[in-house]
Structure formats: structure tokens, C-alpha cells
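Here come two complexes built around subunit A, the first alongside subunit B, the second alongside subunit C.
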Partner chain A sequence: MKHYDVVVVGAGPAGMACAINATKHGLTVLLVERDDFLGGQLIKQTHMFFGSEKQYAKTRGIDIATILKKELLKQDHVDIMLDTSALAIYDDKVITLLNHHDYIKVKANAIVVATGASEKVLAFPNNDLPGIYGAGAVQTLMNVHGVKPGKSVVMVGAGNIGLIVSYQLLQAGVDVKAVVEASDSIGGYLVHAQKLRRLGVPILTNHSVKEAHGATALEELIIWKLDENFSGIAGTEKRIETDTCCLSVGLKPSSEMLRQAGAEMTYVRSLGGYVPYINQNHETTVNNLFVCGDVSGIEEASSAMVEGFIVGLTLANRFKNVPNFSVLMTDLKTQLKDLRAGETGEHIMKGIKQIMRGDHHA
Partner chain B sequence: MLKKTGYQEKEIVKKEFPPLKHLKKGPKAFIECYQKIPCNPCTTSCPHDAITIKGDIINRPKLDLAKCVGCGICVYNCPGLAIMVVGQADNPDYKTFDIPYEFYPLPNKGDRVLGLNRKGEELGMFTVLRVLNNKRQDKTALVRVKVPNEFLYDFATIKVGEDNE
Partner chain C sequence: MRISSHPILKFNRDKELSFIFDGRKLVGYEGETIAAALHANNIKVLGHSSVKHRPRGFYCAIGNCTSCNMIVNDEPNVRTCITLLEDGMVVKTQSNKGELK
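And then the complex of A and B:
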């Protein structure tokens, strides 16, 4: 059985950053990725990122994936397994992997789970009609495979993903008929909303989907106004003819593997779902089991990347001495604090406070 | 209202807009970044130190109108596409707007394109004066549009290939 200092599960921004920092400081690392490419969701992001230069601000997400990939492939002590699913984590830090039909066991001193998140769905009659997609699927079709998902689209959800994917749909030549948002205000950054609105896309807050109609695929969507309890108001129905509906109603951490590994978990709404209790270094209640990125709370890719760098550095310093550790760590922690400033960040910080070990065990 | 609808009210646009007396001295950036965002490429990209973010990165950028020369570098470096440059046109009845544009096909110099306001309502057909799309801009083109003075506080973007004439 092969033995690594660190096995990282998931090669999105968090997992890649973690692997880079761990191996850069001398650890042997295995990076495992279910997909057949590195970069995770970054490769679908054609928009420029916010943040500062340290998180590659103003660079497009897809190009950040390339930057991280180049950095990773420069390192000597990292093995990468694509097309490989991590199956389970055992007490002795043995992790089992499935690569096509090969079942592989690997031993690690530490395991980092950076499995990201999955999309939530919205329940309404006929939501299983062809033509109704998650926003991630639409991005994959458009930006990975170059396939237009439909002629027109109604976007459900005005968070950052809903707004950004709507803009990308416009760029692909799809008629975005409306962005429908259940809450009373736009959840995503307003600059993204301004970009859509000035191109004539109505953003309908306090609205949701009542039902979908279509013989064999989506033909029309009925939307309606919601009252303050998020119940539909009869008589406010509007009919929108469309062949595509895109759901962008939030993400939930893909944290199942952590529960299986015995990490103590809790449900935190502001972090998107079930997340592990962690300490300042993102270590779970299981010794040498770490997390970074969306799996421990839904945030931006920039924060996921910085978290990855933090975990990688923490591990490097745990198993090998990193001479300028505290300088490097202070810089990373400051970056993360800056990214979490402001309204959205406050919301996230409240959630993180709930999972910080110490608070929980006190 | 911006948080509900996605567009800024005209009164606020007017208030934030570079004052006309400054525009007489040369083109100026107009930053429409109304919300606190952890983001700073506008300041780091400005070669004239005209844009500053005081304190934390989350704070809104501030433009020094005296230092701004209207070069447009911030326009394609802003991840939110929230900056444009406004300048005097040859004809005193018009202004020029340099806007970020990320749609294909790009317009050509001399084209007549549909002007839109912040709500996406049609303002009329306007002339394209210049299109810049060099490698440094990383796929965000800079399109200069000639806009009648009456739409100074309305003009927000263009649609190419919509023939309304």
C-alpha cells in the first residue's frame, strides 16, 4: 500500500491550493479527483474574479485554474489521480479509491477533504421536465462543451451563481427572459445584477416558480409573487414561454465523507447544510482529518483557495518545520479575513463561529 | 431599490456622476460600485493613482478627478464591469462613453448600435467611435460610443446587431 504524507480529495481551487502548499514545503501528496480534469468549478468560470492580486483578482476563473495547475505540476512530490473517486476513510488513515474498475488502498498521515458542494433543487410540479437544469449543468454545457442549453431561459435565484450564469447565457446568445428570486432582495453582488439589468433582463424579487408545463419537454413556466412567508399569492401568476429553466437556489456542502470518517457534524444554515466542527486550522474533530473550501461552508472560490493554502501550510508545518511559517500563515489569515469583510462575509463568519471547536466544546 | 431591481435610480447616478466642469478638462472615469465588495483591481490597475480604497479592501473606491486622465484601463480591469469613461465629443451636443463590452460580434468603428439605459430600455441608435480589444484587456473590449447630452445620466450600454432604424 502506498503511503503519503497527505491525501487530498478533490482538485478544485481548495484542493489544488492545499496540495501546492503541502508539497512545496516538502510533503508527499496524493491529489485525488473524481473528474478527468483539474480545477473543479473554476474551469466553467469565464468571469473575472473579485479580491486582490494575491487571489488573482480580475483574472477569469478558468485562467486561475490554469495558474494553479501550472504551479502544481511544477512540484516534485505530488501524485495526481484523475477519474478517481474516494470511497471511504478508515481509522488508521487508510483511504480507499476507485479508479475505473481498480479498487485502491492508500495510507496517509493526514487526509484533506476538499470535495466542494452540490446544487440544491427547488420543488414544484413538473420540475423533472427536460429543459429544467441546475445552473452548474448549464455552465458545463455552455462553457465546457460549447453547447447552448436552449433558446430562452428563466433563471431561478439571484445569488451570484444565478446572476453570473445568466450573463454567460446572454453571452452565448440565449434570451434570458427573467431572473426570479424568492427573497425580497438580490442576494448576489449588485454589479453582477447591474450587468444583466442594463441588458434588459428583469430581476423579479419576491417571485418564484409555481409550476412548469410541457408535453415532452419544458414549454412554459408559471411564476407568481410570494408573500412575506414565501407562499405564492393566487392571482399573481404570470406565464413565461421558455424551453429552458435554470435553477440556482443554493449549494450544499458535499460533506458525507466526513460524517463517514467520524467527524462531528452540525447543520448550519448560513454555511449551506451539514458541516464539520473545525478548529482554526480547519482540522475536524478527527485527528489529522482536515477540510477546506465549500465542504465546510459555501463561499467564493477565492476564499476556498486561501483556505486550501492555509491547510497545506498547516500540514507542512506539522510534519516538517516550515522556517517562516508564522509570516506565511499571518498573510493567508489576513487575506481570508479581508475576503470575508462586508455583508456576505459577516453572514459566513457567524456560521463559522458556530462550527469552531472550543465554542462547541466549551 | 438597487438591491431589489438591479438598476440604480437616476437621481443617484446624477449625484455620483463626474461633474461637468471636470469633464471639460478631459475624459473621466465614472465608477458605479455602489456596494461594498472585497475587491481592488481598479486601484491596483490605475497608472495615475487616481483611484483609492481607504482602509480595508471592502471599502468603496474613490476617484480623484484631478488625477484621472480617462485612459480607460480601470474599465476593463474592473471584475464587476462597473466603470465607464465619459468625455467630451467633437460636437458639444454629445458626450463620448467608453464602456466595457464582452459580447461577440464586437461592433466596428462607425457602426450604429442600440443604446440602452440602466434598466435595459432603448434610448436610440448611437455611433461607435472606437473599439479597442488588445491582449492586455483579456477579452473585455472597450467600446467608445457617441451619446447625445440628453442621455448623459441614462446611457449604460449597447446592443450590437439590433437594427431599429
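And then the complex of A and C:
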């Protein structure tokens, strides 16, 4: 059985950053990714990022993936397994993997779970019809594979993902019939909303989907107005003919593997769902089992990256001595703090407080 | 329904691959997933649910939900949204949970 200092599950921004920092300081690392490419969801982000220069602001997500990839491939002690799904983590830090038809066991001193998030679903009659997709799924289809999801789209959810994907649908030549939002205001940045409005896309707040119809795939969507308790108001129904509907109703951490590994978990609404208790170095209640990125709370790719660097550095210092450790760590922690400034950040910080455990647990 | 021109992105469609979907011969490109190639051929129904037999398409496209499970080269429960298309692949819609052989 192969033995590594660190096995990282997931090669998105968090996992890649973690692998880079761990191996840069002398650890042997195995990075496991279920897709056949590195970069995770960055590779479908054609818009420019906010944040500061250190996290590549004003750079398109897809280009950030390339920067991280270059940095990673420069390192000597990192093995990368693509097309490989991690199956389970055992008490003796053995992790089992599936690569096509090969079942592989690997041993590690520490395991980092950076499995990201998955899209939530909205409940309404016939929401399982083909043609009703996650907004991120449609982004993958368009921006990675160059395939349109359909002729027209109704977007459900006016957060940043909903707005950005709507704009990208227009760029791909798909008719965006409306953006429907259940709350009374637009959740995403107004710059994105204005772009859509200028192109004539209506953004309907206080609206949601009543039901979907179609023989074998989506043909029409019935939307209606919501009252202040988010119940539909009879008589306000509108019928929209469309072959595609995108649901952009939030993300939840893909944290199942942590529960399986025995980490103590709790439900935190502001972090998107079930998340592990962690200490300030992102170690869970299981010794040498770490997390970084969306799996421990939904945020942005920029903070996921910084968290990855923090975990990588922590591990490097645990197993080897990193001479300028505290300088490097202080810089990373400051970056993370800056990214979490502002209203959304406050909301996230409140959630993080709920899962922070004192170091005495460790 | 492929995107022919895009303001930011370029798509590499150098190598054509042919594959069989439920007995029909279709064409896709190297580097795309089975689900993407099917969608480009206007095929949205990838299977049927095992109890109520309702049509199923993909949902997440990143390997999370198994809504895109199909039978590929006789193997059931293949997540076609993260499985790359190969030349000569035989792809079938799946309508049960799959069987262990």
C-alpha cells in the first residue's frame, strides 16, 4: 500500500491550494480528483473574480485554475490521480479510491477533505423532468463542453450564481425568458443584475415556480407571485413556454465523507447545511482529518483557496518544521479576514463561530 | 445544440467520435462527457426512475447526484456527466437499479 504524508480529496481551488502548500514545504502529497481535470468548478467560471490581488481578483476563474495548475505541476512530491472517486476513510487513515475499475487503498498521515458543494433543489410538482437542471450544471454544459442546454431558459434564483449564469446563457445564444426570485430583493451583486436588465431580461422578485409540465421533458413552467409568507397567491399564475429551467437556489456542503469518517457534524444554516466542527487550523474532531473550502461552509472560491493554503501550511509545519511558519500563517489569516469583511462575511463568521472548537479538543 | 461562436471561450472539436445510443449511431467529440454529447444530439432523457418510471435527465453535471446514470458498455450506474465519451461506446438508457453480475 502506498503511503503519503497527505492525501487531499478534491482538486478544486481549496484542494489544489492545500496540495501546493503542503508539498512546497516538503511533504509527499496525493491529490485525488473525480473529474478528469484539475480546477473543480473554477474551470467553468468565465467571469472575473472580486477579492484582492493575492487571490487573483480581476482574473477569470478559468485562468485561476491554470495558474494553480502550473504551480502544482512544478512541485516534485505530488502525485495526482484524476478520474478517481474517494470512497471511504478508515480509522487507521487508510483511504479507498476507485479509478475506473481499479479499487485502490492508500495510507496517509493526514487526510484533507476538499470536496466542495452540491446544488440544492427546489420542490414543486414535476421538478424531476429532464430540462430542469442545476444552474451550475448548465454552466458546466455550456462553458466546459460548448453545448447549449436548450432554446430558452427560466432561471430560478437571483443570487450571484443565478445572475452570472443567466448572463453566460445569453452569451451562448440562449434566450433567457426571466429570472424568478422568491424573496423581495435581488441577492446577487447589482452590477450583474443591471447587465441582465439592459439586455431586456425581466427579474421577477416575490415569484416562484408553481409547477412544471412536459411529456418526457420540460415544455412549460407555471410561475406565480408569493405573499409575505412565501406562499403562492392563486390567480397570479403565469405560463412560460420553455425547454429549460435552471435552479439556482443555493449550495450545500458535500460533507458526507466527513460524517462517514466519524467527524462530529452540525447543521448551520448560514454555512449551507451539515458541516464539521473544526479548530482554527481546520482540523475536524478526528485527529489529522482536515477540511478546506465549501465543504466546511459555502463561501467563495477566493476564500476556499486561502483556506487550502492555510491547511497545507499547517500540515507542513506539523510533520516538518517550516522556518518562517508564523509569518506565512499570519499573512494567510489576514487575507481570509479581509475576504470576510462586509455583510456577507459577517453572516459567514457567525456560522463559523458555531462550529469552532477550542484547541483543547485537538 | 452546440455553441458555434462564443465571446470568451473556444471549444476544441478536433476529433470526432462515434457511439451508439439505444441502437442509434451518434457523433460526439473527444474531451466531452457522454451526457454532454447526448445533449448536443438533443437527447435529454437519459433513463427512467426505477419505481415510477419517470424520465430522468442530468441534474448536477458534476458527479454528485446520480440522476444521469446510464448503462455504458454493459455496465450499469455509470455517471455519464463525468464519464468521457470514447469511440465505439455503447450507451443505453437505464430503467432499474442495475444488477450485480
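Following the convention adopted for this analysis, the second predicted complex is superposed on the first by the 358 of 362 C-alpha atoms of A that agree within 3 Å, B and C clash if a C-alpha of one lies under 4 Å from a C-alpha of the other, contacts with A are read in each partner's own complex, and residues count from 1 in each chain.
Methods note: contacts are C-beta pairs under 8 Å (C-beta built on N, C-alpha and C of every residue); 3 or more make two chains touch, one makes a residue touch a chain.
What you see is a predicted model; the values in this text were computed from it and never measured.
Student: Superpose on subunit A as described above, then tell me if subunit B and subunit C fit or clash.
Tutor: Fit.
Student: Of the two partner chains, subunit B (first) and subunit C (second), which one does A:Gly342 touch, if any: first, second, both, or neither?
Tutor: Only subunit B is touched by A:Gly342; subunit C is not.
Student: Between subunit B and subunit C, whom does A:Gln41 touch in the aligned arrangement: first, second, both, or neither?
Tutor: second
Student: Tell me the contact category for A:Thr205 with respect to subunit B and subunit C: first, second, both or neither.
Tutor: After superposition on chain A, A:Thr205 lies in contact with subunit B alone.
Student: Just subunit B (first), just subunit C (second), both, or neither: which does A:Gln171 touch?
Tutor: Touch status of A:Gln171: both partners.
Student: What is the angle, as a multiple of 10 degrees, that the CA centres of subunit B and subunit C span when seen from the CA centre of subunit A?
Tutor: So the angle at the centre of subunit A is 100 degrees.
Student: I'd like to know which partner A:Ala217 touches here: subunit B for first, subunit C for second, both or neither.
Tutor: A:Ala217 contacts subunit C only, not subunit B.
Student: Between subunit B and subunit C, whom does A:Gly131 touch in the aligned arrangement: first, second, both, or neither?
Tutor: A:Gly131: touches subunit C, not subunit B.
Student: Looking at A:Leu87 after the superposition, I want to know if it touches subunit B, subunit C, both of them or none. Which is it: first, second, both, neither?
Tutor: neither
Student: Check the superposed model and tell me the shortest C-alpha distance between subunit B and subunit C, rounded to whole Å.
Tutor: Minimum C-alpha separation, subunit B to subunit C: 5 Å.
Student: Which parts of subunit A are in contact with subunit B and also with subunit C?
Tutor: Common interface on subunit A, subunit B vs subunit C: 60, 171.
Student: Using the touch definition up top, name the residues of subunit B that touch subunit A in the complex.
Tutor: 2-8, 32-41, 44-45, 56-58, 77-82, 102-104, 116-121, 138-140, 156-157, 159
Student: Quick check: in the complex, which residue numbers of subunit A touch subunit B?
Tutor: 47-53, 57-60, 170-171, 184-186, 189-201, 203, 205, 338-343, 345
Student: Show me the residue ranges of subunit A that touch subunit C in the complex, using the header's touch definition.
Tutor: Interface residues on subunit A, with respect to subunit C: 34-36, 41, 46, 60, 85, 118-119, 121, 128-134, 136-138, 140-151, 171-173, 216-217, 254.
Student: Where on subunit C is subunit A touching in the complex?
Tutor: Residue positions touching the partner: 1-3, 6-9, 11, 13, 32-33, 36, 39-40, 44-46, 49, 54-65, 81-82, 84.
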